[in-house]
Every structure is written in structure tokens, then in C-alpha cells.
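Take a look at the structure set out below.
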Amino acid sequence: MPMLDIKNLTLEIDTPMGWVSALDKVSLSIDTSEIRALVGESGSGKSLIVKSIVGAIPERWRVTADRMNWKGNDLLGMSGNQRRAITRNEISVILQNASAALDPSATLREQIEESIPSYRLTKGWFWQRRQQRLDIAIQELHRVGIRDHNLCLSSYAHQLPEDICQKFSIAMALVSKPKLLIADNPTVGMETTTKVQILKLLTKLNKTQGLSVLFVSHDLLAIAAMANTMTVLYCGQTVESGSIEQVKRRPLHPYTKALLDSAPSFRRDLPPKSPLSCLDGTIPTLQHLPIGCRLGPRCPRAQRECVKMPATRHIHGHSYACHFPLHRDKP
Amino acid sequence: MLIAIARRLNLLIITLFILCLASYVLAFLFPGDALTNLSGIPALSADQSHQLQLMYALNEGWFSGFWTYLKLTLNGDWGVSLNSQTPIFEDILKLLPASLELSLYAMVISLVVGLPLGVLAGLKHRSYTDMSILSVSLTGFSFPVFWLSLLLILIFSLQLGYLPMSGRISLLFDIPHSTGFILVDILRSEMPVKDAALFDALRHLVLPTLSLSIVTTALVIRLIRRSVVTVYASDFIKAAYTKGLSHSQVFWRHGMKNALLPIMPQLAMQFTVLLTNAMIVEVIFSWPGIGEWLIQAIYQRDFPAIRGGMLAVSAVVVTFTISVELLVRILYPLNKRQFYAQT
Amino acid sequence: MNSLLTVSGLSYRKQKSGLFSNRELFRLSPLSFELKRGETMAIMGENGSGKSLLAKLLVGVLQPEAGSILLNGEPMCDSRQQRRFSAIRMIFQHSKDSLNPGLTLGGQLEEALILNTNMSATERKRQIENTLVKVGMLPEHQYFYRHMLSEGQHQRAAVARALILDPQVIVADEPFAALDPSVRSQTANLLMNLQQQLGLGFIFISHNLGIVRHISDRILVLEKGKVVESGKTEVIFNWPKSEYTKRTIQAHQELISGQ
Amino acid sequence: QKPGQNSLPMEGLVYCSEGSPITFNPQLDISGTTADATSHQLYNRLIDFDPETGKLVPSLASSWSVSRDGLTYAFQLRKHVNFHQTAYFTPTRSFNAKDVLFSINRWFDPNHPYHQVSGGRYPYFESLGLQQIIKEVSLINGFRVEIKLNYPDSSFLATLATDFAVILSEEYASQLMTENRPELIDSLPIGTGPFKFHRYRKDAYIRYSRHDGYWEGNQSVEQLIYDITSRSSLRLAKLITGECDVIAYPAQTELQVIEERSDLYLEERPGLNVGFWAFNTARAPFDDARVRRALALAVDRKTLLDAIYFDTAVAAKSLLPPSSWAYDDTLEQSSYNPVQAKKLLQEAGIEPGFTMTIWAMPVERAYNPNATKMAELIKHYLADVGIQVQIVSHEWSTFRRLLLKGQHDSVLIGWSADNGDPDNFYRPLLSCSAIASGSNRANWCSAEYDKLINLAVRTADESIRMSYYQQANQILMDQVPLLPIAHAYRFQAYRKGVSGLQINPFGGISFANVSKDRD
Amino acid sequence: MPRPSFYQEEYYPSPMRHTWTDFQRNHIALAGLWCLLFFIVAAFLGPFLVPYGPLQQNTDMLLLAPAWNVNGDISHLFGTDSLGRDILSRIIHGCRITLGTSVILVLIAMLVGCSIGAYAGISRGLRASVINHLLDAIMAIPTLLIAIIIVAILGTGLLNSMWAITLALIPQFIHQTRDLVRREFQKEYIVAARLDGASNHRLLVKDILPNMVEVLVVQATMALSVAILDISALGFLNLGAQSPSPELGTMLSEALDTAYAAPWSVALPGAAIFLMVLSINLVGDGLRTALKNRLLQ
């Protein structure tokens, strides 16, 4: 049974133009010790999925789902306390904008110590606990590659460069020894070496401690290097999902293919300075979503049927939603 | 940190210096004889005038004149009032506590009422609660203070007869002046009917404080509401929730701190508004404070008193605002720090 | 082909001017390089190594402490600010922030023309429309405000702004970092196209080795304000010399092979 | 400040007065405010007026006699009269003739060591010309004093009974003199009156406490507090809320409110006062009687009476109010006649568009409850005859200081009598000697007029005096140095429960035996 | 040529229109705007419509109650004061004085304040820190106090109090403009415009001003309400407009003398000030909300 199981999650938000479904029947599941990548263009709703899993969305917005289970328990039906208990002990989240997600008025030390769960504290007296908390924090910082822990811990978020904040957020998320780590673009803007270091850390935790990761990113290279499975999102709709090899080798959805093609590193055969393939246009804004398959207007294979939402089909754990998939004859 | 403190202190000193300079220059700007405006003694004889000139070093160039003035000012020799011929500095020392007391209580009320309401409105952003609190506060700070005071007097004193309408305490009580804060003075005095006096003083406080605090409460509500809304919309609050903190934990550990700290200086600025409005309220309620005194001084063209009052009030305001700002800086350092840790 | 842009001995020092001491915060050691027509040069380096600083020096936002920048063999110094502004143009990292929210796109493009050319109003309008079409937008877009454009269009608008004065060199500071894959490819295609058509010299800063490898001819690697390596892309990718480059390229290779 | 002094703080009476006294010695000041605040509270006089009948009654002088020729007055003084004992002065002896001598000589004898203390001006006595009338004051024995006059003056006894002829303590004066602080005698006063001075803050309050050794016996309240409240509406409000027990000068508009309320009493007395509009005859063109007459004709006084006094005053025909025995019923009142006024102005060469100032006093007085408003009404009327008016108003003490300098064109002000004698109107308001003392606001000096009023006081026969005053009235009708407007009633409002309040017919108020029921 | 955003062909308003449409959606603010417009019209046309002059005394009708009172008379809708002047006419003239002068002085203050603020915003180093120190000192003193001091120097009167309040309002504008200019100058679009060769002056006028207009309008509405309150407060304290003038605060203080006999003569001018300030605040608040919504996008 998957650890996190989401089926047909729909999220409606109110904009000045009325209610818009920013997420439209998204399905996503994460197994124990699985690294799942969530890809999609900017504005496709990746962060919204993350936020709805942890319940960090405004109460006004409407969330509905056929299923949204954590280890078999329905997250949406839970009381706030139960849900918080889960996010406190079992799920950790790194929000997208690392420095903005840190409290500007508290030192980083206060913040990371706040995240340390009580079961990690073994000592009895409060001064011992205090020291132990600090030790844990330092240890965690070293793990993500922050050397100057004293300076870092005594600083405020705005005093540090962005990449340190990112690393710190990762450390803070890992400090509670979660079962599932949800990381929203944790490596954006990092230089390659640092990025690789973080990726290695996550992979190691995955291997040794069975940590599951939901890895949200634009960086196909990083995803390919680390993730086991991937889900592709376009405009709040799940387009395709499956194991990384399958998707990479035989993308079924035109959008997935375009996405993969756009990364030059995937294509050794590509001569330098040759045009990269891409889809025309940009992702539509929330107020101007096309009906049916939302890729419609940009899709090279679009036909009239595309104004209807295609049903999701499954083949060998590889699912897609397209009327006219690639590599497949018409059903 | 030290630098921040030093900077504020520097600012404070420079500001006070500028204020002194302004008050010195005012003596020459005001109509009439500068010497009279400085000392408050209408120069009678040539001899007396000569003596005053020496005292204020007026014939030794403006710089040493100002220097002498500064020394005199620091020594508490602010001249005498043209009108009553009493030393201004002593008058101010006596009157300032009354104004401060009034403003302080009004500030406390504004905070006690405005804080929860503002936070409530901020948390329930865009709900009906929010709307109603917001409308009430908008109405509140559109009131001309003088009109509001008059309305309050009309209703509570004259129609209903619940509350007295002038002074700090019934004149029947003869409270010895020690600190100038009447409640403190009553408690410190050894009079036999302390309770009655305290009760009477409190009754006298109600209306002026109320009319002062309505406007500031409205402002405080709006300030806090806006700040709470911004803070609650920000990422780090979401992040705090995702850490599994409960509503109250988030509220107390992250929400309040971040909502209140940045607006502390602005809240402190409300004290300025209060002191200004207090001048009007004092006139209406015959509150023997510095504002009423200052306005009487203007009516009577008592220039030394005007200068002194201005210097005192603005010095109090400046000191207050700068210290609050300093406090905030200490709690919430904003200066950049260089980070050398490299991977 | 003679060199388009010649930079020699360029250096800069950033100081914190305290009351008692002038603490040096950052120093860009003297560096020199050449850029030919139609050539693309990538600048790489870790965070805080001075890449953005170099870009700012090149376009003239900051004044260098020493050194010279020659364009077609002629020195570009203060007296020729105007020529420099029109010859070397910059594309900013956050293209959205580099557009003025209170002016229409046309208004901003026109400002550059007014300040740097003597065109008449109709000529300017034609030039604006031509440029917009060149970068793949519609002439009507000149009446649009910033908030009406999508992200890809922001990027195009930024390119249009760089192109409008017919520059010879374009300096871009992380033009792709904030973009998602498809827009990134679109922009990269656009730039490569334009370079081929107009023979522009192109300097860009990026952390993305995939893109760097794909579009650059030469690479300059900075570390703590010093040039540690420079040369042909292929050479550097295959035989990196400096420690930093080695590490980075190795990490990159790991990623690719880790697939 | 001894803590024991506040033994029963709630006991006390609060009187909302209309202004701050200038000094605590009424000899030094002419204003009603000063007299109200000090004269009957702190001091006694040799003789008093009976508040009911207005007749002279003994006070510190237990009896007195006048010689046949009317030139020698002998006073037998009361014994065992105590002066105040306060924090700053402890008397060692009771009142005797030395005190009387000191009190009179202070203003009478220019060489007296205290004469120059606090300015050396004694306006009331100066305006009456008493320095010329009195020949000498002499001590017969410890309790007997004799005053000799240069010529008979029928109003002399009344003068000694006025608020200004108070008796100070000679012992206190000499003590201060040895301490070299003589000026304190006027700011930290010592007297024999029913209340002793406790504390004073300008424009805020005066605190008096009961003088327990008062010679007449004292059943009054323990504390008497003057709450100085210059706005009449505020005074009324305080009366309603109970913050004041008694208020001075309720505004005419508010009388109805007071009458309607069951917890307030309103007492009404015909007032011995006159409100007038004085022209500064020392300035051109107001030195021209035609101009003054024209201005008088241009204003409809009936409207002023309606709008300002709300029918709580009688129209004035001359200086004297109807309640005076010398009131001349037959006198014609000049009527409103703008046409005539214009003609006169033309004759006097005043061009239309001529600008003049009207000084409107900033305080309320019975004789003129709202001078500013009156000035506005007059401005309105004068505009009809082509005169532009600029209304000037300053704070009260400044106002009077500047008036004394004669900077005004005309002024709206008035006069409250200090005694019932008609001379008290004619002399201080318009005699030549009153110019210097500052009560002749018109700065008008006419030898003929002075002669008439001097002749009037030399005789005791009322019908002869009456005929002199009628002649004086004729001069005034012709010259119009000032335009009398109204004689206002005098009102006093107080809360239920206050009793024993004495309102002096000549303006003063006395709290000597006032008490307050606590309910 | 690609077809960019062909499904986005919708009407997009310009920034200012955008703010305006957003503003219109706020009904309370719109009501405030109507109310304000009413006051403005009253101030402009009122003197031609009202039957009496502000100083015209009708001595037959002193202290007449308002028309809705049993003692009232329809010829004087709001009654008369103690000199028989029609209160309605006086209030309308008063709105003209109070509102009119406030608008004028806010405009002057804005002009001066913005110029100095812009200068302070672009200057650096010693000059900037001197300006800042001075400004901080002045900002700390309450406007009414500054105004009172200036009135004390110049003497009482409407014109003097106008000067005083103008001077007292200027620091706010300087502060606001300076901060805005500072903030905007750090944005990338300014660097971009600078690379187009724009001078500081041009940057200010052409690039920053369009982005500042709305903020300044909001600030101006705030200053307007402060100015109205201050002018009437000075009038009330007898430091501003002097007695016969129908300035609202002066009227109020004048009416105090007859507060018992004619409570309406106190209530009505005060209500006029209150409504005026309230409507201005509503408009200001609506504008601010609309602006915030736009900037959040």
C-alpha cells in the first residue's frame, strides 16, 4: 500500500474572476522509500499540491479528493490536531522560497530547535536538553554542508545568502527524521557541486533510512539522477506518471516529450548551437484556462476531441491522460 | 548592535540639539525683543537689559550666544513666563506629568482594546468580523477630537450626569504634588480618604482618556490588522504550520512577534498623535497639562513659554520614539552580516 | 575575424567605508579576455564569485577601478557612455523586475531610442514594431503593460529591449535561471537565432552546465574574483584544469551518468 | 504643606469664578474679578454695606462719627479681631489702629515705604481722587483712628465700605519688610476675613480654608475653592454636573436652562452697572463730537439688547442704572437714525470706507456678556453708514494693558459700581483724573463736567446733587464720549443645598457664612 | 512567427484603470467617493445655491431651531445661531473654506514635499544623512504642534494657519517620497533604464513618477483628512480662522457659548467635519486596498 495516496485531488481557489480549479483531478502516490519527482512548468500547480498535502492553504479554498490517505488514514477527514501530529512526526516539508519560509524575527537556532521532536532528546534536565538540541542542530547542519554552524545558527534569515537558507531549510526538514520529505524546488539556483551534494544526501537517506521523497523540481537532470518515479503536471492536471526509465524512454504524452526534449543534456546527439525543441507559447494563466485537455492550444497533436478531458489510462504502472498518445496506435 | 545603539543615540542627541537650536532661533523670530523672548523678563531699565545681555552673551556673536543658551537650558534655566513670571522649567516639570499621564493611559487603552481587535480582524481577514471592525475603526479615526470630546461631555456629563467633565480631580481634594502623576500622588499621600480620592481621580480620567483613545485605538487597529494580514499571508507562517505547530503555537511564537515588531515604531508614533490630541482635549476638559498651558501661552503671546513648551513636548516625543525604535532594533536586528561559510 | 570586445586588466574593489577602517569586502582581480563577432562566451563560477559584478562592469553600471574595455579596438570610457550604452546591452536575470510596471512596453523601448538615437517619432515606432516582431511578439504588444505579459513574453520583452539599439554585444546575467524548461528553450533558441542573424557577441552567466555546453563557444571560470580558467567549451569540459572546474564538471557528469 | 491639613477633604464649596485675580490685594486693582476673589473672603473693611438694604453697617470699626463740617471722621475699632494664622505668618497680636493706619497710608501716602511695592498704582482711589480729598489720617489711640478731609465728600463713607478699602496687617508688613520681601504682601495675603489663603494657581484655582478665629464667628465650610473657568458655558456645565456649587455670571442664554432645572437656583438682582461703547477721544477723528454722535445714532441698541442680553437688561439712558436714587427718568434716549448719522459723518468729513477698530473685551461681564458678538452686530450697523470695522480682541490682561496705552479707537466695556453712590459712576468713568488711573476708557476730559461732579459730592443734599448730575447728563448727551448701552441684571446661580450666600448689591460676593448640605 | 498567447486576447486595463475598477468594486469606498463629491460640489456651487450670506444676520430669528424641530422654521433648514445667521449657509460656506483651503495646502505641500523628497531620495552620502537627520527630527514633532508654533510666530488667522499646516504637512510627503524613490531606485528596471542612458532627473520624472502617482494620491487623501482636522482644530482653538468667518472649527467654538440653548449649532458643524473626513478616509482606504490588490499581482 502506498504511504501517501492521492486520487483526483481538486483544488478550487477564488480569484477576482470567480472560482477556478487550480488543480484538476490530480492523482499522486508515494510508496515507502520511493523518490517521486513532480515536474511541470512554472504555474502548473506543483507547489499547490505540496501545500494541500500539508494543509498549508487558506481555509477559503475548496479541496476535494476521492482519496487522500496517509498510511491508510484519510487526511482530509482528520481533525487539525491529528493532521498536525502527522506533519510534525512523519512528514517534513521544504517550501519553495527558502528564505521567505523562515521566520524573519527569530534566529535560525530557535527555528531549528523548534523542529527537533522530543523523542530525539534523551537527556532529562533542561540544560542538558538545551545542549543536546544544539548538538543535534549542528550535526544536522554539517550533514547538509554548512560548516560555519555558529555563524549560521546565530543569524537571522535575512542576513544569510539564499543558498545557505536553502541548505538550512533542508537541514530543518531532516531534523525530525521524517518518513516522507516533500521538497519543493530545494536546489534551484544552487551551483552544481552543492546541488549534487544535496542530491547525494537525499539518496543516501533514501537508501539507508528508507526516506521517501516527493521531489518537486524543474531540473530534469537532477530528477533523472535521483528519482525512481515521476509525475508530470501541466496546468493542474496530471499528464503522465510512471517510473523514470519508462517515462524517459517512451514518453506517451506530447507534453512529456516536449519537456524532455527541451533539456540539452539529455540529448548527447544534439550538436552544439542547434535549436532546442520546444512547444510554442506559454502556460496559460489561471483565468484563461482552456477547457478539456489544458495543453490543447499548444499541443502539436491536438484535435477536436481534446476539448474533452481525456480519461487516465494505465499500462504497467505507467499512466497517462491523452487522446492521442505517442508511441501508440489509436486505441 | 552597538553600532545601532550608537546611531540612535547619535540621532537623539543631534535631534535634541536641533530642537534647542530651533527654540533659540525662535526667540529671534518671534515678534518683540529677543532678550525678552529668551528670558521672559520684560526689560525695564537699560541696566537690567544690559545684565540680561551679559547673561545670554548676546553681544558676543550668535555662536557663543547659542552656547550660553544651551548651557542655561541644560541647567534648567529656561527663563520665566512673560505672563505669570514663574520659572518655565518648573511649570513644565509640574505640568508635563499630567499630559504624560493622560496620554499614557490613553495609549494603554488603545493598545489593550486595539491589539485584540486588530489581531482578530487580521486573522479573520475579509470576513464580516473584519469588515465591521474595520468600519468601526475607520469611523473612529475620522472623528475630530474636539467634537468627540464635546459629544462625550454632552452625553455622559450633562445628559446622564455620570462623569465629571473637567480637571484631574475634584478640587476638594488637595493632593500634594510630588511626582505629578495624580494616581501615584494619591497613593503616596497620607490623606485619610485615599479611596475616595482615587475613585474621584479615576472618574475624572474616564472622559478625556476615552476621547483621546478612540482615535488612536482606531489607528492601532488598522496598523495591527494590516500587519497581521501580511504576516499571515507570508510563507513562513505556512512553514510553521507545516512543522506541525498548533494554531496557538504559530500565533504566539511566529505570528505575533512578526506582526508587532515591525510596527512598534509606528505604534510609538501614535504617542505623538496622542500628545497632539491631548493638547486639544486638555483645553476642553480643563486638564492642567502642558498642552493647555501651551495654548494659553499662545493666547497670551507668552513667547518664552511657547518656546519652552515646544522644546519640552518635542523632546519628550523624540526621546520616546527613538527609544522605542532602539528597543525594536535590539529585539529585531536588521543589519546585514557577511557570511563566509563556503561548501 | 578581429575581436569585437577586448577587455584588459579590468579590476574592481568593493569596500565598506567605515568610520575608521576601509574594510575590503570583495575584489575582482584584473582580468582580460576577448570576444569575437558571433561568439558566445559563458561565465561560470560559484555563488558570490563576482560574476554579476563583472557583468555590471561590462555594461557600465559600475565603474572599474582599473583596466580598459575596447569595442572594435576603440576604448569605451566615460566620455562615450552613450555609445557604450547602445553597443553593449544587458539582459537581467529577473526579466520581470527589469520592466517598469507603470509604463507600456512601447514606452520603455521608445525611451532607449529617444535617449540614444535621433530618430523621428514614426521611425521610432517602426523600429519598435520591427524589434518586437524580431523577438516573436506582436506589434500590438507595445501597448501592453508588464502585468499583461506572460513570463515567456517578459523574457522576450527583455531581449527586445536589448536589441532595440542594434547592439554589438549582449551581456546576460543568468537569463535562464528562473525559467522553466520550455520557456528556457524558447529563449535559448531565440538568442541563438538572433546571434546567427545579427552576428552579436554574447556573454552570459549561468550555473546550468547543460545550457552552457550547448550554446557557448568559450568559457570563463571565476573563483573568488579571480579568473581561474578560460578556453574553448569543449576543451574545458573535457580537460578541466582548476579544482573548482573539475569538481563542477565532475558533478555534472555524475548527474548525467546517474540517469 | 502639612499632611494634617487635609483632614476632611470632601468638606468644601467650589465657586466657579470667571477669571484669575490680578493680585490678592484689592487696593491694587480695579477689576471685579480681583475684588470678588479677595475682598470679602480674605479681608474686612472698616464699614460694610448691609447686603439687604445697602445701608452702611459697622465692621472692623464698631462705630464712627462725622464732625459737623463733614471734614473729620472718627472710627472706634473693634477689639479681639484676629489676623490669619498660616504657614507663612503667625500673628502675635490682634487687630488695632496701626493696621488701619498702615492700610490707608499705603495708598494715601506716597512716601510710605510700602507705597511703591507692587507698582505703586492704586487705581480705584486714584480715580476717585481720594489723595486730594484726604488731608491726613491719624491715630488717636490703640483702637481709635481719625481721618481729616480737605473738603466735605458725601460719598466718603461709602468709599470706605467698598471692596477696595480693605484692612491689611501691619505686623505682617513689617515682618516682610525685615525679610526684605515686601512684595509678598500682595501674593501671600494676610487679612482678618472669614477665609485664609492657602494656595493659588493662575487660571486654575484658588484655595481658601476657613479662618477659625474669625471675629464674627464662623459657620462656613472648611474649604472655599475658586475654580477659575473663563467660559460661561463651561461654568454652567460644571454647575449641572455638580463640580461647582456656585457659579459667577451665568450667560444670559443659559438662564432658562438654569430655571428649568429643579436642582439649581437662580438669583436675580438689579445690577448697579452699565455696559457702554467708549470712543477714544484722544484720537482723531473721535475727538470730534459729531463723529461720536453719528456712531451713536448708527447703532440700534434695542437689537443689541435682544441679541446680547436676551432681555435680561434694561436699556441705558445715561450712566446711572434705574435703581440708583439719582436716576433721571426724564432723560431722552437717542434713537436709531442711520440717515442722521450719515449726515453727521459727512459734516465731519468722514469718507465712506473709513476704517475703525472696535476693541471687544474677551471676558464675560454682567454688563456685557459677549462683547465680541456685540462688536459683530455693531460692525454690521456701521457698514450701513459706510464705516468698516475691525474687531480687536486680546487676552484679558493684555487687553487691559493695551487699552491703558490708548491704542483703541473704541472699546466695548462697562462698569460695575462699587458702592451705591452716583459719584461712583460719574467720576471713575469720565473724570479727568480717571484717565490716568485707567478707568476712563474714553480718555475724555471736560473741565465743566469735572466741576459739576465735584460740586455734587461736596453736598449731602440729594436733590441738589441730583440737579448737578442732570446737568452732567446733558453734557454727556451732547458730547457722547461713550454710548451707554444697558444695565444688566446680576445673576448668581447655585446648587440646591448651598445656603448663606451673600450677594453684595455692588458686585461683591461673600462666602462668610455659606454652608452646604450634603445630600 | 509563433502565435503568442492567442487565447489570451482579453481586455487588459492599464495600471491606473485597474486600480479604478478594483476601487469601484468596493461599495463602501464608492459611497465615500459620492459623499466627497457631494461636499466638493457643495463647496463649489453651494454659495450660489444657499439663500443667505454667511455673515448675514437676521436679528428677528435668533437661535432658531432646525426645521425638523417643532420650534423650527423651514426658511432656515438647519436653524440659526445666536446672531441670527443661517447655519446651513454657514456650513456650506464653511465646507468651502475648510475643504478648499485643505485641498490647496495639500497640493502645495505635496509639490514641495515630493520635490525635496525626490532630491533626498537620490542624494547620497553626507547630504543625504543631514537631510535624514533633520527629517527624522521634524517628523517626530506632531503636525498640530508644528502648526501651533508657526501660528505663534506668524499670529493667528486663516492664512497663517494655512501656512502653518502646509509646512507641517511637508515632512510627511518628503518622507514618503524619499522612501519610495529609494525603494524604486534599487529595482532592476531603474538599472535597466539607466543603461538606456537616462539621467537621474529623467528617471524620476519618466520612470518613477508613473509608479508613484497612486501612492501619492493615497498619501494626499490622508494628508487631506489631517489638514481638515488640523485647520478646524486650529479654528476651534481660536488660533486659525477668526470669529465671524464660517470656518467649521471656528463655528463650533463660537457655538459653544450657546451650547445649551442651541445644541444643534454645535452638533451640525462637527458633523460636517466628521462626514467630510470620513468620506475622504473611505476614499483613501478604498484606493489603498485597490492599490494593494494590484501590486500583489
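Letters are used for the chains, namely A, B, C, D and E, taken in the order the chains are written, and counting of residues starts over at 1 for each.
FYI, a contact is a pair of C-beta atoms (placed from the backbone, for glycine too) under 8 Å apart; a residue touches a chain by one contact, two chains touch by 3 or more.
Given the structure is predicted, the values throughout are model-derived calculations rather than measurements.
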item: Required steps from subunit C to subunit D (each step between touching chains, minimum); value: 2
item: For subunit D and subunit E, chains touching each; value: B
item: Most distant chain from subunit A, judged by the mean position of its C-alpha atoms; value: D
item: Separation of subunit B from subunit E, taking each centre as the mean of its C-alpha atoms, in whole Å; value: 24
item: Whole-Å gap separating subunit A and subunit D, where each centre is the average of the chain's CA atoms; value: 93
item: Subunit A and subunit C: spacing of chain centres that average the CA atoms, whole Å; value: 31
item: Length of the line joining the C-alpha centres of subunit A and subunit E, rounded to whole Å; value: 51
item: Where subunit B touches two or more other chains, by residue; value: 299, 301, 342
item: Subunit A residues counted as touching two or more neighbouring chains; value: 161, 193, 280-282, 285
item: Residue numbers of subunit C (touch at least two other chains); value: 46, 150, 152-153
item: Residue ranges of subunit B touching subunit E (in the complex, touch as defined); value: 11, 14-15, 18-19, 26, 29-31, 135, 138-139, 141-147, 150-151, 154, 272-273, 275-277, 279-280, 283, 294-295, 298-299, 301, 303, 306, 310, 313-314, 317-318, 321-322
item: Residues of subunit D touching subunit B in the complex; value: 1, 3, 5-12, 14, 198-199, 201-205, 207, 223, 225, 227, 229, 234, 237-238, 240-243, 395, 397-398
item: In the complex with subunit C, residue positions of subunit A that touch it; value: 40-43, 161, 163, 188-193, 195-196, 199, 218, 220-222, 224-226, 248, 258-259, 262-266, 270, 272-273, 275-283, 285
item: Subunit D residues within the subunit E interface of the complex; value: 231-233, 236, 251, 253-254, 256-257, 303, 306-307, 370, 372-373, 376-377, 380, 391
item: Contacting residues of subunit E [partner subunit C, same complex]; value: 1-2, 4-5, 8, 12, 14-15, 18, 187-189, 191-198, 202, 206-207, 210-211, 213, 294, 297
